Structure formats: structure tokens, C-alpha cells
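Each in C-alpha cells, the structures are laid out below.
Shared between the two complexes below is chain A, which has chain B as its partner in the first and chain C in the second.
Then we have the complex of A and B:
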């Protein structure tokens, strides 16, 4: 178990800077999720931590020791790849044991540890199989077993669930959460799936264009996005952000835009006292809840609607939008958050 | 579909036309003038003169036409032997006299005592006639004679030496190793060029009863003399015809031994004189002339030429070709030392004339090459003995005794007499084999569901079958049929065109024969194959690993460069390497900084030379295959292994190698088969040296077929090939099992 700190980490390919001075202190036992759009440098960052990419500038320390030039095998980290990267010519048992065999662990102990890991990940019956005879979820679990069995100082996951279908994803997500509770090993987890980020993380790092936009607990990041990018990147449906002049609301200081999540806006029949009135263009009924969408000014705007209470809405109906004041976020001309 | 039909019809038409042509070859066309077909293997000036002479004959003669065909020299004897017995050959052909025995036995040629009558005989230069006589009959009409003689650069050696001692004195004076100059250059490992010493010292090839006599004490003495010449270093090591001429042309060889055929290759402006080889004095003080082997070029009448009228025409052509005017023409224009005595009156005192007279003088001091069939069996063992004595200094008494035993052994195998069953038996066996194949096909058809199912299958997929048909036909004709013939031949003994059924005897004498040549050769073959494959694979994989590095610049360039050895025809590469392994002029010794080390003198160094050459030829294939295999290994496996703590070596052994195996295994199987049968390298680089020790099974089979007399021990050679086939077949089956195992585990 280890604390990992990234100080001014940079990655350059020639003239192109991919990761731009990343600072991050990961505490011992913490589960940190890196999220961000495709190509923002998440994998690159993770691979620098793993030692698979060189670090162009800055300092990477594990437990206070600078490891920039330490070989991947000597960092004592385990990584789970998006492609699983299982050794195709080895059985499941050999795959899981490989890291221990290389480290010359005693045979009896290897067997014991492999059996434990297999049991934990429900692989006991599959140990003699070759990877090609496994389903996607099983392969994923083998990859995790291979990481777990080593008892590394930290786990690194690079989008481990992206090749699985929605149902499996939920299952394996739960498994990861369980693992994490059991070992409380430091974990860095890369994803662009915000549900994974929200459900698994102690802290979320939102990356864009190689720059950390915000670091915080899932709720902080969700409730108090540090800027317009974070606000709109996290949460579905996307947060509404409109010019302050369009809403009947008092704004602090030099705020220019107001943001509010559709979940925090109620659509009602009456318009009196509403933030703003809107003509319904589109209704999304998800079963549990329903959303109405229309336009405020030029911007698309969403709100929750309780159709049971309200009666069925139609396209073109006029609705009033209401929200609690503490659910509003304000952004200045640079898109940065302004607190009231 | 239409096109297929058209192509099919065209093919049929072609075959029919060919048959028709073959049919009227022999028949005489009454309307047109009869055509007398003349074959020769001359090149350059000699060929031009023959063409000119024939053109003249055709212009003046009205009763017939002469049609000349120039056949490439290398294929000449084979063509004659194959074509005449089948009625496709010439009526008349020009050839050297030494295969007369073989041809007479096989009735490829016929006696022409009536043509070479007393008058004709007396018109010839004395000494030629014995060469063309076999078992009391004259078989050829001599046209010209050829033998080696002493050529010298008159600036270095003004006077032709009268004795070998005198020659050696001059030669030593003229030798300067530092400048690469040599005094007396001849191909001292070749019996043909050694013959002058042999006969000069009273040696002989056959005893009084015509049995081989290689171990004659005088023969031993002659090789000892050759060893002494070699020890004096007046002659470079491993002389070849090309080397000899280039040394002479560069004024680096004061005296050489060669024949009139080298005239055209002497560079302009290089002065030379030709004279008879000197005398040699033996240990007892007897002085004799050094006598080279004499070759008489003669006209032969096809053994199939029986029609008296047609034979008379052929004889007339023969007389015209050898008459005085045309002999003079050949003497002057083609610079042939001609057989007709009168033609020599025209020889002047110019340069050409002096050279001609040099060869003429040598004729009086020469020995006609024995024309008995046994002669062919002598060459190769004698050459091996000579090579070993000159190359490794083994006492000639030892090497010649071995050679004598070898000749006797081989002649015993070949000469075994059994009652002839003729070609009929051969057809029967081949037919049986084909029937076997057919039966096997029938079984396959039954498995398919019977003929009806097959037919309906063919009808349903007509177009597909039509597309496959040409390939299928080609496979049948070009692969299966020759294969059956080859296997069948293994049950026969072949002597001069007749096949005798001998059952398993060939196989028995190979596998259980007194000498264990087969098993020794098999051992060498296995060693050869294994060491090659190990080198090819390790070098190929190593280079592939380097070339697959993403960081490497100019990868494409290297890739092309490394594939070049593969793209070159292997025999060219083999010849280049042979040159590079030359002890004195080769690049290998120059690079290694060693002087005069002869690679072909010991088994291991000759084997190494072969191995290096074949590795050069073989690694690109493995490299390309490995490159393909490497690119298909996902990069993240290496990353996962790196995180698992595996260093570069462990990553190579646990990831790269096992994942390369499925790609490499079939390549290794293929490479093994190729190497096992790699004829070119063995035959051209070491040529089996020293003493046949580096021969592998295929070269051994080849030697049985083409280098051991009696018109080719095709039966033994075919049995060898069948054994090779069986071994490779079982290897393949075993390898396929293993490979499937590997792929199954993937």
C-alpha cells in the first residue's frame, strides 16, 4: 500500500504536450478515478505511473520515493488493461501465477495465493482453461485476479469495463468495489464513464486536454463543479448553463452564466414566480422520472417533470421552471465558478 | 465456361500437333529432299564454321539437305543418350570419343568400319584411330583432336623446358607469392590434368585385362610428384579453369596447362607459345615424355540409322565434312587441330601456325582417353584421391587404395548381371504404381459418396471444377506421373538404356550393403539439416527482433537488404561463396587475415563453408516469417509482463518465443525439407570435398545417376530418392502432429 504523488507531471511527444503539469497527491488506500473525454491524457497519465511511458517533466513519487526512472516491474504496481492483455498461450492458472513465478515466490505459496484469488473472483472452475475459451467477463476477472494475487502496492485500472456489456459492467463494478473494500489498496482508475467515477471513487480527477480541471469527492465535483467544463462533463442529462440575464435570479459578483442540473429544476404549469418560462419541445419519459426539454434563449434547457401530479404535458405547452437557490452554480466570463 | 472449352480444345490441338510432328520425324517425305540431321555442341568460331560448311553443302548438293542443330554443351551427352534410342535423335553427330563404349553397348551408335576404310585411315594424322575403336570396330570418323599442352608466356619463359626438372627451376624463379605470381599453374586435383604426370611416370588406369588399376605403384609415384610440385608453391591452391586463365591473362602465371579451347579466352596482347609438355625422369632414372589424355572429336552415325539409302547419305555428309577443303577451313577459321594429315600442309609459320604445331607435337606424346564404359566410374574416385593427397597431404598409396576399392565396389553394384526384362517390365511396375494411386483415388471417391455423388457434385459445381482442372492436370502430369516413374525406377537396374527388374535389390544393397555410405551420408545430412535450421532460426529471429524495434530508423531499407540473399538464385549465391572460400584469392580468408587456409581440405571446414553459404541463403525466410509473427503479438502483453516484473530475457522466453512458435513451426518444417534436399550448396560449394565426406543424400543420389558410369545407375539413384522421400514424409507427419499440438494449445 502506498501513497502516490504526482508533481508537475508532463508528457510530451515531440512538440505536442499531452499532459500538462499534473499535480496530484493520492493518499495511501485511496481510490482515485481519472475521468475526462477521449484523448485527454488519462491513459498516458496512468501509464506514466505504471512506468510504461517515460515522464517528460515533473516528479513521480511512491511512498515519498522518486520513481521516475524505476522499471515498471520494480514499482510493485499491478495494472489491469482495457484489452485484458492475458497471455494467450498460458492457462488461467499460469496467467494469474506469472507475476509470482517471475518473482520466484515458493511454489506452494503460489498455488495457495492463486487458489484464493480464483475463489474470490469466481474463477476456481476455470483455472485450466486458456483465455480464448473464456467469456469477456471471465477474462476481465482473470485480469483482476492477476493483479490481486500479487498484493501490489497499488492497482492501476485502464477502462477495465469498457469492453463489457451494460449488465456485466454493473456486476464487475460491484466486484471492484468489493475488492477495494477487502484490500483497501491504493487504486488509480481511469474511465470516461461517469457512473463508474461517481460510484467507485473516493476522489475524482476531471481531466481535460491534459490539465486537471477539478479534484474532489464525487459529490463535490457533481454539486460544485469548478468550471463550466466540469459542470457539463459530469451528469446526465447535461447541466443547463444559460446567460444570467435570462433567469430571474440574483447573481453574485461578476457572474455571467448560471448553471443548474435538470434534476434540480421542476417544471410546473404555472409560470408565476418561476425562474423562467419555457415552451416544451421534447419530453423524455424514462419510467422512473420524466424530463422536459425546451429552449431558454438559444440554449437547450432541461427540467424534471412530475406528470402524475401535473397531468400529461404536450408539445408546445408552456411551463414554468423552478429551482432551489442552493442548487445554482455561477460562472464568470472565464467559465470559472463564483460562489455566492 | 466457353473460354474453358476453347482453352481445352486448344490444348488438345497442341498435343495432337506435337504427336503428328513426332510421328513424321522418322518417316521420309518422298516429295521433299531428304533431310540429314546433324548435331554438334560447338560454340563460337567452331559453331560458325560448321554452319558455314553446312550452308555450303546445302547450296551445292541437290539430293539431300543437311539440318544442323547446335545443342548446349552441358546437356549434350544426356540429349544424345536420351534422344537416339527413342528415334528422336540426329542421323549424324559430332562428339568427343570417350563415351564410345557406353554408346556402342547401348547401340546409340553403329560401327562404321566400311566408312573408315584403309584409305581413309591412312589419310589421318597418326595416333587418332585407336581412340575411336571399340571391341575391334571403328565407331567414329575423326575430325579433330584435342589435348592439353604447355602454354607459356615467352617473356617470362623464352625457351620451352625440355624436362620437368628444368620446368620446375624456371617455375620457382617465376614464382613470387607476395606479388601473387606463380610459375606453373595447372588443375592439380583433376585427373585429366594430372594424367601427363601419370603416364610420364609409367602409370596406368587399367591393367592388361581392362580392370581398373588405380593403385598401381607408378600412379602413386605420379601423385607424389604432384605433391612435390604443390609443395614448391609454384601452383596456387584450388586452381580452377577460370582462375588459371585469369592469372595467365594478368601475367601472373608463367606457364599453364590447358587445351586449344582456351584460345578464345586469352586476352588480346598477352603473348603466348604452345609446346608439348616436357619429359619427366622417374626414380629409376627412366626418362619418358609427359603424356596428356587425348580426346578425338569424331563423327558418329546414329545406331537407329539402318535404312541403307539414308545411311549412304549420312556417310556422304560425313565425308564432305572431313574432306580436305573443309578440314583446312576448320583448321584455319575454327583453329581446330584437325584429323586430316593433308590439311596440316597449309599450316604456316604465323602465330596461329606455331600454336597449332604445338598441339600437333603434343599429339605424338599423348594417350587416347580410354573409351571403355568403366572409365566413367574411375574419374570421381580418382579425383577424390588426388584431391585428398594434394589438399591434405595424405599419402597417395592410401588414397589410391581407397579409390581402387571404391571403383571396384561401385562397378560391382552397377555390373551385377541379371536377365533383362526390358522396358516392358519397367512399364509394368510404373503401371502398378499408377494403379495403386488410382485405387487410392477410387477409395477417396467412395468416401465422398460414390461415383454418382461425385458426378453430380461435378455437374453442380462445374465451373469450379473447370477452374481447377488445369492445375489438376498439371499436377498429374508434372508431379504424380514422374513421381510414380521415379519410385518405380528404384526396382530396376539401368545399364545403357535397358532396365532390368531387380525387385528390392537396390534398396537392400543401399541399406545392407558392405559399405555404410548410406548411413554415414544420412548422419551428415541430419547434422547438416539440424545445424542449418538452428542457425537460420536463431539469426532470423534475432534480426526480426531488431527490425521490429519501433525506434530503429531505415527499417524498410534493412528489411529489403536482408531479403536480397533470398531473392538471388541459390546456385549463383553458392558459386559466389565458393569463390569467397578460395584459399588464396577468396574474400573469407582475406577478411579473417589467414593465408592460404584451404577450407575444402577437412570435413569440418568444408562443412562450415557449406553451412555458412546455406545460412546466408536460409535466414531471410525465417526472418520474414518471424517478423510476421512478431507483429501479430500484441504490445500490451509485453507491458503486462513488464509490470509482472519480467525482464527482457524473461519476456522473450515467456512471451515472444511461445507466441512465435505457431508461426515458426510450419516454416521450420519447410526449411528442414529444403535443407535436407539442398543440392545446390553442397554440390557447388564443397562438391562433397574432402573425398565425398560432405555429400548429403541428394548429392549422393545425383552422383549415382550421373557420375558413376554404366550410363547412369538410375535404379540406385531412384532408390535413394525414394528413401529420402520416405524419411521426409515421416518427418512431415510427425511434425504435423507436433504442430497441431502447439496450435491446439494456443
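Then we have the complex of A and C:
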């Protein structure tokens, strides 16, 4: 259990600044997800917390204690790597036990704790196997067992699901959520996958170019993105952002652009009273729902369409686009959010 | 039932004539390679000491007398000279392998993982030492060992051999260490392992194929080396086997039978080692593809 504070954390390689003065207070027991495009500094930040990268400037505290110069092994954090990083020459049992053996925990206790962790992660029958004889999902679970068995102050996850296929990813995601509920240990989780960010996090930190763009609950960053980057980075399909002049809508103050998620826009056959009319260029039928895409001005624009009610649309059909006023976001000339 | 290979019958790579041809070429190559070896075997098994003539590698008369002479060689005082010499060779080669591998693994690990001033220069320097022929080092080595009082001593010869095998071993091992994912070490560091713990518990077990190959190389270098051993060792009982072999080739006459028998005896342990380590050797040569 631990609170982790990042105060003005910076990472520089020569003249290149990877992480620029990051401030973040992670509360005890909180699940924080760092999300952003590749190269945004999220992994570097996690590695600085782990102690695998030196901190160029700023202060990192765990439970109020400055740990900038504390060795990784002495920070009492456990990390799950993207590559799993299982020791290939050791059995599953030895892999899970390694951290305890190094710390000279008594043998009987090691066995007990390894058995517990293995049972929790459904690895009991695999303890004698070598990592090469395991499937991707099993390897992932061994990596998690290795972290859990140590009962660390915090868990660090570095893109743990990116080597798994879509179906497994969902299963392991659920397992991570279950672990989290069971231990309520502080967790820092790095991913570029917004679904993981939305489903797992208490709070999401959206990073770009080494700067935190927004910190908030998943719904906050989804509903009220702080700037255009966050607005377009999170959510599938991407949020529509167009010049205010193109939409029939009242905008607050000095807003220049209007953003609205395709899920919040309905396409209808009538155009009277619509935000704007659009010619359908492309239809995506996903089964549960369908989207239509076209252009508003030069920008690509998406909307939900209910073809059951509307009848089948064709390419080139003209549709009117409607949305609730409270689902619109407004951005100024710097791309920052403006509230109505 | 149809076997999977039936499906590729039309594949030109599997044409029966081509298969025949490649087998013929391989057999030819095997004969060319084995012929001289068989000749040595023939000389060793022949009762005469003359240089065998004739094309056939099959001896007309078979005897083990040459082997008996070589193995049973005693000096005038009744000391079993061959026993001493075999022991020398074994001790020196094993000690060279152990010393060389121990020093080369730690050096290679440092070169592979740590950033320190002179790391690149150090690796190049090791390479440069390989460019000088052993004979060139003869005089300085002789003087050094003389000053240290290590002439005619097994220990002295081990030091000399180890220094010649370490550069190659270090390069070989560094190359292998570079292929071991850094994630493994980082995971171990998160688990609280010290650098030495990581080295002994993670790196060394994973580098076993490369270590086997460098150990074998060091052993063979020391086992087969002749020039330095001939100059630095002075008494018959401290000779290594290659020096003994040379002794059968005299200025006036050469006992080819003894020479051949000795040559076979000297190569047996190396062959045995090769067979024993074969599995590791193949693993070591395909270093990059070994991933858990």
C-alpha cells in the first residue's frame, strides 16, 4: 500500500526531453492509467517510478519518502513487463518464487505463497513447466503471479496486454480488474489502448509529448476533454471536430471549433433543424450499431444511424445530423476546452 | 495413406536425380576429408616406421605395437613419461579452459551491459591482440616467465594460454550476452536481485551454449598448442603431448608409426569432448535464435 507522488518529474537524454515536468499525486490504493500515443513518455515515466531509469529532475516520493536514488529492488514495487520477462531457464514455480528467494523468505512460506498465487491465477497445474511450454495468456498470468506473490507496495504494468490477441486481452483485462478488487493495491498501468484505460482506471492520465494533457476519471476525460488532443485521442470512432461556422449552433465566448462524438450524433432523413446536413460517403455496419461517415467542410464527420427505423441508407444519401447540446465540446484557438 | 511429402512431388528441389547427385557430391566430400585421416590410421596400425606409400588406406598388416610403444614410453630412470605428459596436457588444458571462461564471462558481461569510458576501445584492443602471431610473442613471453620464475611450470603455461584465449572468448560471449533480453535483468532487479545475483542466476544459465563453446575452444587451444609449449617447457616430464609428437619427427629419421599413433591418441579426447558438447555447440552457433 503506498501513495506515489511525482513532482516536476523530468527525463532528458542530452538535449531531448522525453518527460517534461510531470506532476501527479497517486493516492493509496488508486488505479492510475497512463495513456498516450507511442513516444509520449508514458513508459519512461513508469520506468522512472520503477527505478529502471534515472530521474533527470524533480522528485519522486513513495509514502512521503523521496526515492529518486533508491535501487529498484528496494522500492518494493512489482512490475509486469510487456514481454513478460519470464526467466526461460526456470520453471513456473521458480519464476514466481525468485523475488522471495532473493529476499531470503523462509522456504515453507515461499511454497505457501507461490501456491496461493498460482491458485489465484489458475496456474496450479503448470508450476513445473518452463515458460516456453506455456501459451501467451499463461505466460502473462505467470508474470502477474510473480508480481502478486511479493505483496509489493504497488504494481506497475507496462503495456501488459499488447502481445495478446483480442479475445485473451479481454479475459486478462478482467483478471487484472479482479486482482485489483482483491488487493486494492496502488497500481500504475501504462497502455496505448484506450479501452484498457477506460475500463480499468480510477483515474486516467493522458500524455502527449511528455506533458500530461489531462488527469481525471475515465468519464471526465471522455465527456469533458481538456483539449483537442484528448478529445481526438480517446474514443472510437474519433470525435468530430469542425469549425464553428459550419454548424448551426450557439458557441460560447471565443470558441473556434466544436467537437462532438459520433455516438452523440444521430443521422436522420430530415435536415430541418439539424446541426448540419451531410452526404453519406461511407457506412460501417458493426452489427449492434451502424455509423455513417461523410464530410462537413473539409473534415471527416461520423454519426450513428438507426437503419431499422430509418430504412437502409445508400452512398450519396443526404442526412441531417442532430445532437444534444450538452454533448458538444468547444475549443478555442489554442485547442483548449471552453465551457459554455 | 498419403504422406505429406507426396504433395510436393512436383517440387523441383525434390527431383530424385537431384537427390542422387547431391548424395554423390556429399560422399565425394566425405572421402576427400576422411582419406588423410584414414592414412594416419593406417600408419598407426602398420608394424613399420616408414612413411606409408600406396593409395590404399587399408593397412596390409594390423598391429597395436605403435600405440603400446607410445603409451608405455618410460625413460632410463623408469619414470612413466607418457603418463606425466598426458597429465600435463590435461591439467594445463582444463586449467586454461576454467581460467579463460571465468575471466571472459565476467569481462564480456561488463562489456555487454555496463557503460564505462573505454568500453569500445577495450573491445577493439582485445581484437588487436588477436592479430599478432604467437611466434612474435615468443621472446617477450619467455623473458616475462623467466623473470617470474615460471619457466618449465604448468602454471606459467596456463597463464600464457589463458591470455591468448580470453580475447576470442570475450568477443564470443559478449555477442551472446547481447542477445539476452535486458527485460530479464530488469525483472530480476525489480525482484531485488543484485548485479552478481543476476549474473550467476540469470545470465550464466542462459549463456550455457556460448560458455560451452568458449570452454571447448580454450581447451583445444591449450591441448593442441605446440610452439610455446616446446619453448617454455624444458624437461621431458613437463612436456605436453604435442611436444612429444614432434619428438617422433627427428632430424635424421622419423618414426612415422609412433607419430601417427600419438596423433590419434592426442585427438581422441578432443573428439570425445566434441561429441559430448555437440548439442550445446549447435545451440551456441545459432546463438540469436535461442529465445525462450
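Note that in this section the second predicted complex is superposed on the first by the 340 of 340 C-alpha atoms of A that agree within 3 Å, B and C clash if a C-alpha of one lies under 4 Å from a C-alpha of the other, contacts with A are read in each partner's own complex, and residues count from 1 in each chain.
As a working rule, a residue touches a chain if its C-beta (ideal position, glycine included) is under 8 Å from a C-beta of that chain, and two chains touch if they have at least 3 such contacts.
This structure is a prediction, so every number in the text was calculated from the model and none was measured.
Superposition of the two structures on chain A shows chain C clashing with chain B.
After overlaying the two complexes on the shared chain, residue contacts for A:102 are found with chain B and with chain C alike.
Once chain A of one complex is fitted onto chain A of the other, the partner contacts of A:52 extend to both chain B and chain C.
In the overlay built on the shared chain, the residue A:269 is in contact with neither chain B nor chain C.
When the two structures are aligned on the shared chain, A:85 is found in touch with chain B and with chain C.
When the two structures are aligned on the shared chain, A:279 is found in touch with neither chain B nor chain C. Applying the stated contact rule after C-alpha superposition, one finds that A:327 touches neither chain B nor chain C. Within the superposed three-chain model, A:73 lies in touch with chain B and with chain C [touch as defined at top]. After overlaying the two complexes on the shared chain, residue contacts for A:131 are found with chain C alone; chain B is out of touch. Stretch 405-413 is the one of chain B that runs into chain C, the other listed stretches 117-125, 405-413 or 441-449 having no clashing C-alpha atoms. Taken together, the two structures place residues 50-52, 71-74, 77-79, 81, 83, 85-89, 98-99, 102-103, 130, 132, 146, 150 of chain A in contact with chain B in one case and with chain C in the other. Put simply, chain A touches chain B in their complex at residues 50-52, 71-74, 77-79, 81, 83, 85-89, 98-99, 102-103, 130, 132, 146, 150. Of all residues in chain A, those touching chain C in their complex are 50-52, 71-74, 77-79, 81, 83, 85-89, 98-99, 102-103, 130-132, 146, 150.
Only residues 181, 183-184, 186-194, 197, 201-202, 205-206, 291-292 of chain C touch chain A when the two sit together in their complex.
Those residues of chain B lying in contact with chain A across their complex are 634, 636-637, 639-647, 650, 654-655, 658-659, 745-746.
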